[in-house]
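By written order: A, B, C, D, E and F. Residues from 1 in each chain.
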Amino acid sequence: MEDWLNTLKTETPQQGFELAIKLARMGVKYTQPDMEVLKAGREEYGGNAEFLIYASQVVAIHFQTVAKANNFWRNADND
Amino acid sequence: MEDWLNTLKTETPQQGFELAIKLARMGVKYTQPDMEVLKAGREEYGGNAEFLIYASQVVAIHFQTVAKANNFWRNADND
Amino acid sequence: MEDWLNTLKTETPQQGFELAIKLARMGVKYTQPDMEVLKAGREEYGGNAEFLIYASQVVAIHFQTVAKANNFWRNADND
Amino acid sequence: MEDWLNTLKTETPQQGFELAIKLARMGVKYTQPDMEVLKAGREEYGGNAEFLIYASQVVAIHFQTVAKANNFWRNADND
Amino acid sequence: MEDWLNTLKTETPQQGFELAIKLARMGVKYTQPDMEVLKAGREEYGGNAEFLIYASQVVAIHFQTVAKANNFWRNADND
Amino acid sequence: MEDWLNTLKTETPQQGFELAIKLARMGVKYTQPDMEVLKAGREEYGGNAEFLIYASQVVAIHFQTVAKANNFWRNADND
(Lines give C-alpha, C1' and ligand atoms only; values in the text may rest on other atoms or scores of the structure.)
Protein backbone atom coordinates (compact mmCIF):
# COMPACT_ATOMS: atom_id res chain seq x y z
CA MET A 1 0.00 0.00 0.00
CA GLU A 2 1.16 3.52 -0.72
CA ASP A 3 2.44 5.82 2.06
CA TRP A 4 -0.47 7.31 3.91
CA LEU A 5 0.71 7.74 7.53
CA ASN A 6 4.01 9.44 8.19
CA THR A 7 3.21 11.08 11.48
CA LEU A 8 0.59 11.27 14.21
CA LYS A 9 1.29 14.95 14.82
CA THR A 10 -1.30 17.51 13.87
CA GLU A 11 -1.47 21.23 14.47
CA THR A 12 -4.93 21.36 16.03
CA PRO A 13 -7.28 18.99 17.86
CA GLN A 14 -9.67 19.18 14.93
CA GLN A 15 -6.99 17.99 12.52
CA GLY A 16 -6.28 15.24 15.03
CA PHE A 17 -9.93 14.25 15.00
CA GLU A 18 -9.89 14.14 11.22
CA LEU A 19 -6.78 11.94 11.34
CA ALA A 20 -8.66 9.61 13.72
CA ILE A 21 -11.42 9.36 11.14
CA LYS A 22 -8.86 8.49 8.48
CA LEU A 23 -7.35 5.80 10.73
CA ALA A 24 -10.81 4.28 11.28
CA ARG A 25 -11.42 4.20 7.53
CA MET A 26 -8.03 2.66 6.81
CA GLY A 27 -8.72 -0.10 9.34
CA VAL A 28 -11.75 -1.02 7.29
CA LYS A 29 -9.88 -0.68 4.01
CA TYR A 30 -7.08 -3.04 5.07
CA THR A 31 -9.68 -5.62 6.11
CA GLN A 32 -11.74 -5.30 2.92
CA PRO A 33 -9.62 -3.80 0.13
CA ASP A 34 -12.29 -4.30 -2.52
CA MET A 35 -13.75 -0.80 -2.94
CA GLU A 36 -16.88 -2.02 -4.72
CA VAL A 37 -17.74 -4.30 -1.83
CA LEU A 38 -17.03 -1.47 0.61
CA LYS A 39 -19.27 0.97 -1.24
CA ALA A 40 -22.13 -1.51 -1.35
CA GLY A 41 -21.83 -2.00 2.40
CA ARG A 42 -21.74 1.74 3.01
CA GLU A 43 -24.86 2.37 0.98
CA GLU A 44 -26.71 -0.31 2.89
CA TYR A 45 -25.55 0.82 6.35
CA GLY A 46 -24.86 4.53 5.90
CA GLY A 47 -28.16 5.59 7.46
CA ASN A 48 -28.20 2.90 10.13
CA ALA A 49 -27.85 4.55 13.53
CA GLU A 50 -26.26 1.54 15.16
CA PHE A 51 -23.60 1.31 12.44
CA LEU A 52 -22.84 5.01 12.74
CA ILE A 53 -22.37 4.68 16.49
CA TYR A 54 -19.96 1.77 16.04
CA ALA A 55 -17.98 3.81 13.54
CA SER A 56 -17.97 6.73 15.96
CA GLN A 57 -16.55 4.42 18.62
CA VAL A 58 -13.59 3.44 16.45
CA VAL A 59 -12.95 7.13 15.82
CA ALA A 60 -13.02 7.72 19.58
CA ILE A 61 -10.38 5.06 20.20
CA HIS A 62 -8.10 6.43 17.50
CA PHE A 63 -8.64 9.97 18.77
CA GLN A 64 -7.29 8.85 22.16
CA THR A 65 -4.12 7.70 20.43
CA VAL A 66 -3.71 10.83 18.31
CA ALA A 67 -4.46 13.13 21.25
CA LYS A 68 -1.76 11.46 23.35
CA ALA A 69 0.71 11.61 20.48
CA ASN A 70 0.13 15.36 20.39
CA ASN A 71 0.28 15.78 24.16
CA PHE A 72 -3.37 16.83 23.92
CA TRP A 73 -2.34 19.96 21.97
CA ARG A 74 -1.66 21.65 25.29
CA ASN A 75 0.92 24.02 23.86
CA ALA A 76 -1.25 24.90 20.88
CA ASP A 77 -4.23 25.92 22.96
CA ASN A 78 -5.45 29.27 21.86
CA ASP A 79 -8.55 29.65 23.90
CA MET B 1 -15.80 21.58 7.60
CA GLU B 2 -15.89 24.74 9.68
CA ASP B 3 -13.74 25.12 12.82
CA TRP B 4 -15.39 23.31 15.71
CA LEU B 5 -12.53 22.03 17.91
CA ASN B 6 -9.77 24.42 18.91
CA THR B 7 -8.94 22.99 22.29
CA LEU B 8 -9.63 20.06 24.60
CA LYS B 9 -9.40 22.27 27.69
CA THR B 10 -12.52 22.99 29.68
CA GLU B 11 -13.03 24.75 32.97
CA THR B 12 -15.02 22.05 34.73
CA PRO B 13 -15.51 18.28 34.45
CA GLN B 14 -19.10 18.88 33.40
CA GLN B 15 -18.00 21.05 30.47
CA GLY B 16 -15.55 18.27 29.64
CA PHE B 17 -18.36 15.76 29.65
CA GLU B 18 -20.36 17.98 27.33
CA LEU B 19 -17.36 18.25 25.02
CA ALA B 20 -17.17 14.44 25.01
CA ILE B 21 -20.79 14.36 23.88
CA LYS B 22 -19.98 16.80 21.10
CA LEU B 23 -17.03 14.66 19.99
CA ALA B 24 -19.27 11.58 19.86
CA ARG B 25 -21.80 13.45 17.73
CA MET B 26 -19.14 14.78 15.39
CA GLY B 27 -17.81 11.25 14.86
CA VAL B 28 -21.25 10.32 13.58
CA LYS B 29 -21.58 13.49 11.52
CA TYR B 30 -18.26 12.95 9.70
CA THR B 31 -19.35 9.40 8.85
CA GLN B 32 -22.81 10.41 7.66
CA PRO B 33 -22.87 14.10 6.75
CA ASP B 34 -26.41 13.97 5.37
CA MET B 35 -28.47 15.53 8.16
CA GLU B 36 -31.77 14.20 6.83
CA VAL B 37 -30.48 10.63 6.95
CA LEU B 38 -29.10 11.25 10.44
CA LYS B 39 -32.39 12.61 11.73
CA ALA B 40 -34.34 9.68 10.34
CA GLY B 41 -31.95 7.29 12.08
CA ARG B 42 -32.24 9.19 15.36
CA GLU B 43 -36.01 9.11 15.33
CA GLU B 44 -35.99 5.39 14.73
CA TYR B 45 -33.38 4.60 17.39
CA GLY B 46 -33.75 7.42 19.89
CA GLY B 47 -35.77 5.35 22.35
CA ASN B 48 -33.85 2.14 21.82
CA ALA B 49 -32.02 1.26 25.03
CA GLU B 50 -29.26 -0.66 23.28
CA PHE B 51 -28.53 2.25 20.96
CA LEU B 52 -28.44 4.68 23.87
CA ILE B 53 -25.96 2.50 25.71
CA TYR B 54 -23.69 2.33 22.66
CA ALA B 55 -23.82 6.11 22.35
CA SER B 56 -23.03 6.40 26.05
CA GLN B 57 -19.98 4.19 25.51
CA VAL B 58 -18.56 6.48 22.84
CA VAL B 59 -19.08 9.40 25.20
CA ALA B 60 -17.18 7.46 27.89
CA ILE B 61 -14.20 6.91 25.61
CA HIS B 62 -14.06 10.57 24.60
CA PHE B 63 -14.46 11.63 28.22
CA GLN B 64 -11.30 9.65 29.05
CA THR B 65 -9.44 11.69 26.46
CA VAL B 66 -10.85 15.04 27.57
CA ALA B 67 -10.27 14.25 31.25
CA LYS B 68 -6.61 13.43 30.60
CA ALA B 69 -6.18 16.57 28.52
CA ASN B 70 -7.41 18.55 31.52
CA ASN B 71 -5.31 16.61 34.01
CA PHE B 72 -8.62 15.46 35.49
CA TRP B 73 -9.40 19.03 36.55
CA ARG B 74 -7.34 18.42 39.69
CA ASN B 75 -6.45 22.07 40.11
CA ALA B 76 -9.99 23.24 39.48
CA ASP B 77 -11.55 21.04 42.16
CA ASN B 78 -13.81 23.10 44.30
CA ASP B 79 -15.43 20.50 46.44
CA MET C 1 -28.56 21.42 32.27
CA GLU C 2 -28.07 22.02 35.97
CA ASP C 3 -24.67 21.51 37.66
CA TRP C 4 -24.12 17.83 38.30
CA LEU C 5 -20.35 17.27 37.97
CA ASN C 6 -17.99 19.56 39.84
CA THR C 7 -15.19 17.12 40.53
CA LEU C 8 -13.96 13.62 39.75
CA LYS C 9 -12.49 13.21 43.24
CA THR C 10 -14.09 10.78 45.63
CA GLU C 11 -13.04 9.59 49.06
CA THR C 12 -13.22 5.86 48.41
CA PRO C 13 -13.06 3.51 45.39
CA GLN C 14 -16.69 2.59 46.01
CA GLN C 15 -17.79 6.23 45.76
CA GLY C 16 -15.72 6.37 42.57
CA PHE C 17 -17.56 3.37 41.22
CA GLU C 18 -20.87 5.01 42.02
CA LEU C 19 -19.73 8.17 40.24
CA ALA C 20 -18.88 6.00 37.20
CA ILE C 21 -22.43 4.69 37.25
CA LYS C 22 -23.74 8.24 37.36
CA LEU C 23 -21.53 9.21 34.40
CA ALA C 24 -22.87 6.24 32.41
CA ARG C 25 -26.43 7.29 33.15
CA MET C 26 -25.78 10.92 32.26
CA GLY C 27 -24.32 9.84 28.90
CA VAL C 28 -27.66 8.21 28.17
CA LYS C 29 -29.63 11.15 29.49
CA TYR C 30 -27.81 13.69 27.30
CA THR C 31 -28.52 11.50 24.26
CA GLN C 32 -32.19 10.96 25.09
CA PRO C 33 -33.41 13.67 27.45
CA ASP C 34 -37.03 12.54 27.30
CA MET C 35 -37.47 10.68 30.60
CA GLU C 36 -40.66 8.92 29.51
CA VAL C 37 -38.90 7.42 26.49
CA LEU C 38 -35.98 6.43 28.72
CA LYS C 39 -38.21 4.71 31.26
CA ALA C 40 -40.02 2.75 28.57
CA GLY C 41 -36.67 1.55 27.22
CA ARG C 42 -35.48 0.57 30.70
CA GLU C 43 -38.59 -1.48 31.42
CA GLU C 44 -38.19 -3.33 28.16
CA TYR C 45 -34.46 -4.00 28.55
CA GLY C 46 -33.94 -4.01 32.31
CA GLY C 47 -33.88 -7.79 32.58
CA ASN C 48 -31.99 -8.37 29.36
CA ALA C 49 -28.59 -9.83 30.18
CA GLU C 50 -26.93 -8.46 27.05
CA PHE C 51 -28.13 -4.94 27.79
CA LEU C 52 -26.92 -5.18 31.38
CA ILE C 53 -23.48 -6.25 30.23
CA TYR C 54 -23.26 -3.31 27.80
CA ALA C 55 -24.22 -0.94 30.59
CA SER C 56 -21.61 -2.57 32.82
CA GLN C 57 -19.00 -1.92 30.10
CA VAL C 58 -19.73 1.80 30.02
CA VAL C 59 -19.39 1.85 33.80
CA ALA C 60 -16.03 0.09 33.47
CA ILE C 61 -14.73 2.73 31.05
CA HIS C 62 -15.83 5.59 33.29
CA PHE C 63 -14.38 3.83 36.33
CA GLN C 64 -10.97 3.84 34.59
CA THR C 65 -11.24 7.62 34.27
CA VAL C 66 -12.40 8.19 37.83
CA ALA C 67 -9.79 5.82 39.25
CA LYS C 68 -6.99 7.68 37.45
CA ALA C 69 -8.37 11.03 38.57
CA ASN C 70 -8.10 9.76 42.15
CA ASN C 71 -4.66 8.24 41.64
CA PHE C 72 -6.35 4.89 42.30
CA TRP C 73 -7.07 5.97 45.91
CA ARG C 74 -3.56 4.80 46.82
CA ASN C 75 -3.27 7.20 49.74
CA ALA C 76 -6.71 6.34 51.05
CA ASP C 77 -6.10 2.60 51.21
CA ASN C 78 -7.11 1.30 54.55
CA ASP C 79 -6.74 -2.39 54.10
CA MET D 1 -25.49 -0.28 49.40
CA GLU D 2 -23.18 -1.88 51.93
CA ASP D 3 -19.39 -1.37 51.77
CA TRP D 4 -17.92 -3.66 49.16
CA LEU D 5 -14.91 -1.78 47.72
CA ASN D 6 -12.39 -0.29 50.09
CA THR D 7 -9.28 -0.65 47.99
CA LEU D 8 -8.05 -1.62 44.53
CA LYS D 9 -4.87 -3.16 45.95
CA THR D 10 -4.41 -6.89 45.78
CA GLU D 11 -1.47 -9.08 46.64
CA THR D 12 -1.27 -11.02 43.37
CA PRO D 13 -2.36 -10.53 39.75
CA GLN D 14 -4.82 -13.39 40.18
CA GLN D 15 -6.53 -11.66 43.10
CA GLY D 16 -6.60 -8.56 40.90
CA PHE D 17 -8.29 -10.53 38.15
CA GLU D 18 -10.87 -11.80 40.61
CA LEU D 19 -11.47 -8.23 41.79
CA ALA D 20 -12.05 -7.26 38.14
CA ILE D 21 -14.69 -9.98 37.92
CA LYS D 22 -16.35 -8.61 41.03
CA LEU D 23 -16.35 -5.08 39.58
CA ALA D 24 -17.98 -6.37 36.39
CA ARG D 25 -20.68 -8.11 38.42
CA MET D 26 -21.29 -5.06 40.58
CA GLY D 27 -21.75 -2.92 37.46
CA VAL D 28 -24.56 -5.25 36.47
CA LYS D 29 -26.02 -5.32 39.97
CA TYR D 30 -26.19 -1.52 40.27
CA THR D 31 -28.01 -1.39 36.93
CA GLN D 32 -30.44 -4.18 37.79
CA PRO D 33 -30.66 -4.63 41.57
CA ASP D 34 -33.49 -7.17 41.38
CA MET D 35 -31.70 -10.49 41.96
CA GLU D 36 -34.58 -12.59 40.63
CA VAL D 37 -34.52 -10.74 37.32
CA LEU D 38 -30.73 -11.10 37.21
CA LYS D 39 -30.83 -14.84 37.85
CA ALA D 40 -33.43 -15.36 35.13
CA GLY D 41 -31.22 -13.48 32.69
CA ARG D 42 -28.16 -15.51 33.70
CA GLU D 43 -29.91 -18.81 33.19
CA GLU D 44 -31.05 -17.75 29.75
CA TYR D 45 -27.65 -16.39 28.66
CA GLY D 46 -25.17 -18.37 30.75
CA GLY D 47 -24.28 -20.74 27.94
CA ASN D 48 -24.41 -18.13 25.18
CA ALA D 49 -20.91 -17.67 23.77
CA GLU D 50 -21.53 -14.11 22.65
CA PHE D 51 -22.76 -13.10 26.10
CA LEU D 52 -19.76 -14.73 27.76
CA ILE D 53 -17.39 -12.83 25.48
CA TYR D 54 -19.07 -9.52 26.31
CA ALA D 55 -18.76 -10.29 30.00
CA SER D 56 -15.11 -11.20 29.47
CA GLN D 57 -14.58 -7.80 27.82
CA VAL D 58 -15.90 -5.92 30.84
CA VAL D 59 -13.56 -7.97 33.02
CA ALA D 60 -10.68 -7.01 30.72
CA ILE D 61 -11.42 -3.30 31.08
CA HIS D 62 -11.63 -3.53 34.87
CA PHE D 63 -8.45 -5.62 34.98
CA GLN D 64 -6.62 -2.76 33.23
CA THR D 65 -7.71 -0.45 36.03
CA VAL D 66 -6.82 -2.86 38.82
CA ALA D 67 -3.46 -3.72 37.24
CA LYS D 68 -2.52 -0.04 37.03
CA ALA D 69 -3.64 0.54 40.61
CA ASN D 70 -1.23 -2.21 41.65
CA ASN D 71 1.59 -0.98 39.42
CA PHE D 72 1.18 -4.27 37.56
CA TRP D 73 2.36 -6.17 40.66
CA ARG D 74 5.94 -5.53 39.53
CA ASN D 75 7.33 -5.68 43.06
CA ALA D 76 5.40 -8.82 43.90
CA ASP D 77 6.69 -10.79 40.92
CA ASN D 78 7.96 -14.12 42.06
CA ASP D 79 8.79 -15.73 38.78
CA MET E 1 -9.63 -21.79 41.83
CA GLU E 2 -6.06 -23.05 41.53
CA ASP E 3 -3.14 -20.64 41.03
CA TRP E 4 -2.96 -19.65 37.39
CA LEU E 5 -1.63 -16.07 37.36
CA ASN E 6 1.45 -15.25 39.39
CA THR E 7 2.92 -12.55 37.19
CA LEU E 8 2.20 -10.40 34.14
CA LYS E 9 5.85 -10.47 33.08
CA THR E 10 6.82 -12.37 29.96
CA GLU E 11 10.09 -12.61 28.11
CA THR E 12 8.81 -11.71 24.65
CA PRO E 13 5.86 -9.83 23.14
CA GLN E 14 4.60 -13.10 21.69
CA GLN E 15 4.49 -14.73 25.12
CA GLY E 16 2.68 -11.60 26.28
CA PHE E 17 0.14 -12.03 23.50
CA GLU E 18 -0.38 -15.64 24.51
CA LEU E 19 -0.88 -14.55 28.12
CA ALA E 20 -3.53 -12.07 26.86
CA ILE E 21 -5.31 -14.97 25.20
CA LYS E 22 -5.21 -16.91 28.44
CA LEU E 23 -6.64 -13.94 30.34
CA ALA E 24 -9.49 -13.67 27.82
CA ARG E 25 -10.28 -17.37 28.23
CA MET E 26 -10.16 -17.18 32.01
CA GLY E 27 -12.62 -14.26 31.95
CA VAL E 28 -15.04 -16.57 30.19
CA LYS E 29 -14.29 -19.48 32.48
CA TYR E 30 -14.95 -17.49 35.66
CA THR E 31 -18.30 -16.39 34.20
CA GLN E 32 -19.32 -19.86 33.06
CA PRO E 33 -17.34 -22.51 34.97
CA ASP E 34 -19.30 -25.43 33.50
CA MET E 35 -16.92 -26.81 30.86
CA GLU E 36 -19.62 -28.78 29.05
CA VAL E 37 -21.71 -25.66 28.54
CA LEU E 38 -18.61 -23.79 27.39
CA LYS E 39 -17.68 -26.46 24.86
CA ALA E 40 -21.19 -26.52 23.42
CA GLY E 41 -21.06 -22.75 22.99
CA ARG E 42 -17.64 -22.93 21.33
CA GLU E 43 -18.74 -25.53 18.83
CA GLU E 44 -21.74 -23.45 17.89
CA TYR E 45 -19.83 -20.16 17.58
CA GLY E 46 -16.29 -21.26 16.71
CA GLY E 47 -16.69 -20.50 13.01
CA ASN E 48 -18.77 -17.38 13.46
CA ALA E 49 -16.77 -14.39 12.24
CA GLU E 50 -18.52 -11.91 14.49
CA PHE E 51 -17.82 -14.03 17.58
CA LEU E 52 -14.16 -14.40 16.60
CA ILE E 53 -13.80 -10.64 16.24
CA TYR E 54 -15.32 -10.07 19.68
CA ALA E 55 -12.92 -12.58 21.17
CA SER E 56 -10.05 -10.86 19.36
CA GLN E 57 -11.13 -7.57 20.94
CA VAL E 58 -10.91 -8.96 24.46
CA VAL E 59 -7.44 -10.24 23.63
CA ALA E 60 -6.51 -6.76 22.40
CA ILE E 61 -7.59 -5.15 25.68
CA HIS E 62 -5.65 -7.67 27.76
CA PHE E 63 -2.63 -7.28 25.51
CA GLN E 64 -2.60 -3.55 26.33
CA THR E 65 -2.37 -4.44 30.00
CA VAL E 66 0.31 -7.07 29.56
CA ALA E 67 2.35 -4.85 27.24
CA LYS E 68 2.33 -2.02 29.78
CA ALA E 69 3.26 -4.41 32.57
CA ASN E 70 6.30 -5.39 30.52
CA ASN E 71 7.16 -1.83 29.56
CA PHE E 72 6.43 -2.89 25.98
CA TRP E 73 9.43 -5.25 26.05
CA ARG E 74 11.63 -2.28 25.13
CA ASN E 75 14.71 -3.76 26.77
CA ALA E 76 14.15 -7.18 25.27
CA ASP E 77 13.93 -5.93 21.68
CA ASN E 78 16.19 -7.98 19.54
CA ASP E 79 15.33 -6.67 16.12
CA MET F 1 3.10 -21.69 17.13
CA GLU F 2 6.08 -20.34 15.20
CA ASP F 3 7.75 -17.06 16.17
CA TRP F 4 5.76 -14.18 14.76
CA LEU F 5 6.17 -11.33 17.26
CA ASN F 6 9.63 -10.39 18.43
CA THR F 7 9.14 -6.69 18.94
CA LEU F 8 6.50 -3.97 18.98
CA LYS F 9 8.92 -1.42 17.51
CA THR F 10 8.36 -0.16 14.01
CA GLU F 11 10.07 2.55 12.02
CA THR F 12 6.98 4.48 10.97
CA PRO F 13 3.39 4.93 12.19
CA GLN F 14 2.18 3.19 9.06
CA GLN F 15 4.25 0.10 9.84
CA GLY F 16 2.82 0.30 13.33
CA PHE F 17 -0.69 0.36 11.91
CA GLU F 18 0.09 -2.67 9.80
CA LEU F 19 1.45 -4.46 12.88
CA ALA F 20 -1.84 -3.64 14.64
CA ILE F 21 -3.69 -5.32 11.79
CA LYS F 22 -1.48 -8.38 12.15
CA LEU F 23 -2.16 -8.51 15.90
CA ALA F 24 -5.92 -8.34 15.25
CA ARG F 25 -5.65 -11.21 12.78
CA MET F 26 -3.54 -13.31 15.12
CA GLY F 27 -6.12 -12.84 17.89
CA VAL F 28 -8.64 -14.44 15.58
CA LYS F 29 -6.25 -17.16 14.48
CA TYR F 30 -5.41 -18.24 18.03
CA THR F 31 -9.14 -18.50 18.79
CA GLN F 32 -9.98 -20.42 15.62
CA PRO F 33 -6.84 -22.09 14.25
CA ASP F 34 -8.72 -23.98 11.54
CA MET F 35 -7.97 -21.97 8.39
CA GLU F 36 -10.81 -23.50 6.38
CA VAL F 37 -13.37 -22.45 8.99
CA LEU F 38 -11.81 -18.98 9.10
CA LYS F 39 -11.94 -18.57 5.32
CA ALA F 40 -15.59 -19.61 5.20
CA GLY F 41 -16.40 -17.03 7.86
CA ARG F 42 -14.48 -14.33 6.01
CA GLU F 43 -16.26 -14.97 2.74
CA GLU F 44 -19.62 -14.73 4.46
CA TYR F 45 -18.80 -11.56 6.43
CA GLY F 46 -16.16 -9.83 4.30
CA GLY F 47 -18.62 -7.37 2.78
CA ASN F 48 -20.67 -6.88 5.94
CA ALA F 49 -20.22 -3.30 7.11
CA GLU F 50 -20.87 -4.11 10.75
CA PHE F 51 -18.24 -6.85 10.74
CA LEU F 52 -15.71 -4.54 9.11
CA ILE F 53 -16.30 -1.89 11.75
CA TYR F 54 -15.78 -4.43 14.55
CA ALA F 55 -12.54 -5.53 12.95
CA SER F 56 -11.48 -1.90 12.61
CA GLN F 57 -12.12 -1.46 16.34
CA VAL F 58 -9.76 -4.28 17.26
CA VAL F 59 -7.13 -2.70 15.02
CA ALA F 60 -7.69 0.62 16.83
CA ILE F 61 -7.07 -0.98 20.23
CA HIS F 62 -3.89 -2.69 19.07
CA PHE F 63 -2.72 0.52 17.40
CA GLN F 64 -2.94 2.26 20.79
CA THR F 65 -0.58 -0.37 22.20
CA VAL F 66 1.85 -0.23 19.30
CA ALA F 67 1.84 3.58 19.23
CA LYS F 68 2.71 3.72 22.94
CA ALA F 69 5.44 1.12 22.50
CA ASN F 70 6.98 3.39 19.88
CA ASN F 71 6.51 6.55 21.92
CA PHE F 72 4.15 7.67 19.15
CA TRP F 73 7.07 7.82 16.70
CA ARG F 74 7.82 11.32 18.01
CA ASN F 75 11.50 11.10 17.16
CA ALA F 76 10.84 9.68 13.72
CA ASP F 77 8.48 12.47 12.67
CA ASN F 78 9.50 13.79 9.35
CA ASP F 79 6.70 16.16 8.57
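Methods note: a residue touches a chain if its C-beta (ideal position, glycine included) is under 8 Å from a C-beta of that chain, and two chains touch if they have at least 3 such contacts.
Every value quoted in this text rests on a predicted model; they were computed, and no experiment measured them.
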item	value
Each chain counted as touching chain A and chain F at once	none
For chain A and chain E, chains touching each	F
Chain B against chain A, contact positions shared by both copies (same if over half, else different)	different
Rounded Å distance, chain E centre to chain F centre (Cα mean)	15
Computed distance of Cα centres, chain F from chain C, in Å	31
Contacts with 2+ other chains: residues of chain D	50, 54-55, 57, 61, 64, 68
Overall pattern in which the protein chains touch one another (line/ring/star/complete/other)	ring
Order around the closed ring of chains, commencing at chain B, then chain C	B, C, D, E, F, A
Chain B partner contacts - residues on chain C that touch it in the complex	3-9, 23-24, 26-28, 30-32, 34, 37-38, 40-42, 44-45, 50-51, 54-55, 57-58, 61-62, 64-65, 68-69
Residues of chain E that touch chain F when the two form their complex	12-14, 17-18, 21, 46-50, 52-57, 59-61, 63-64, 67-68, 72-74, 77-79
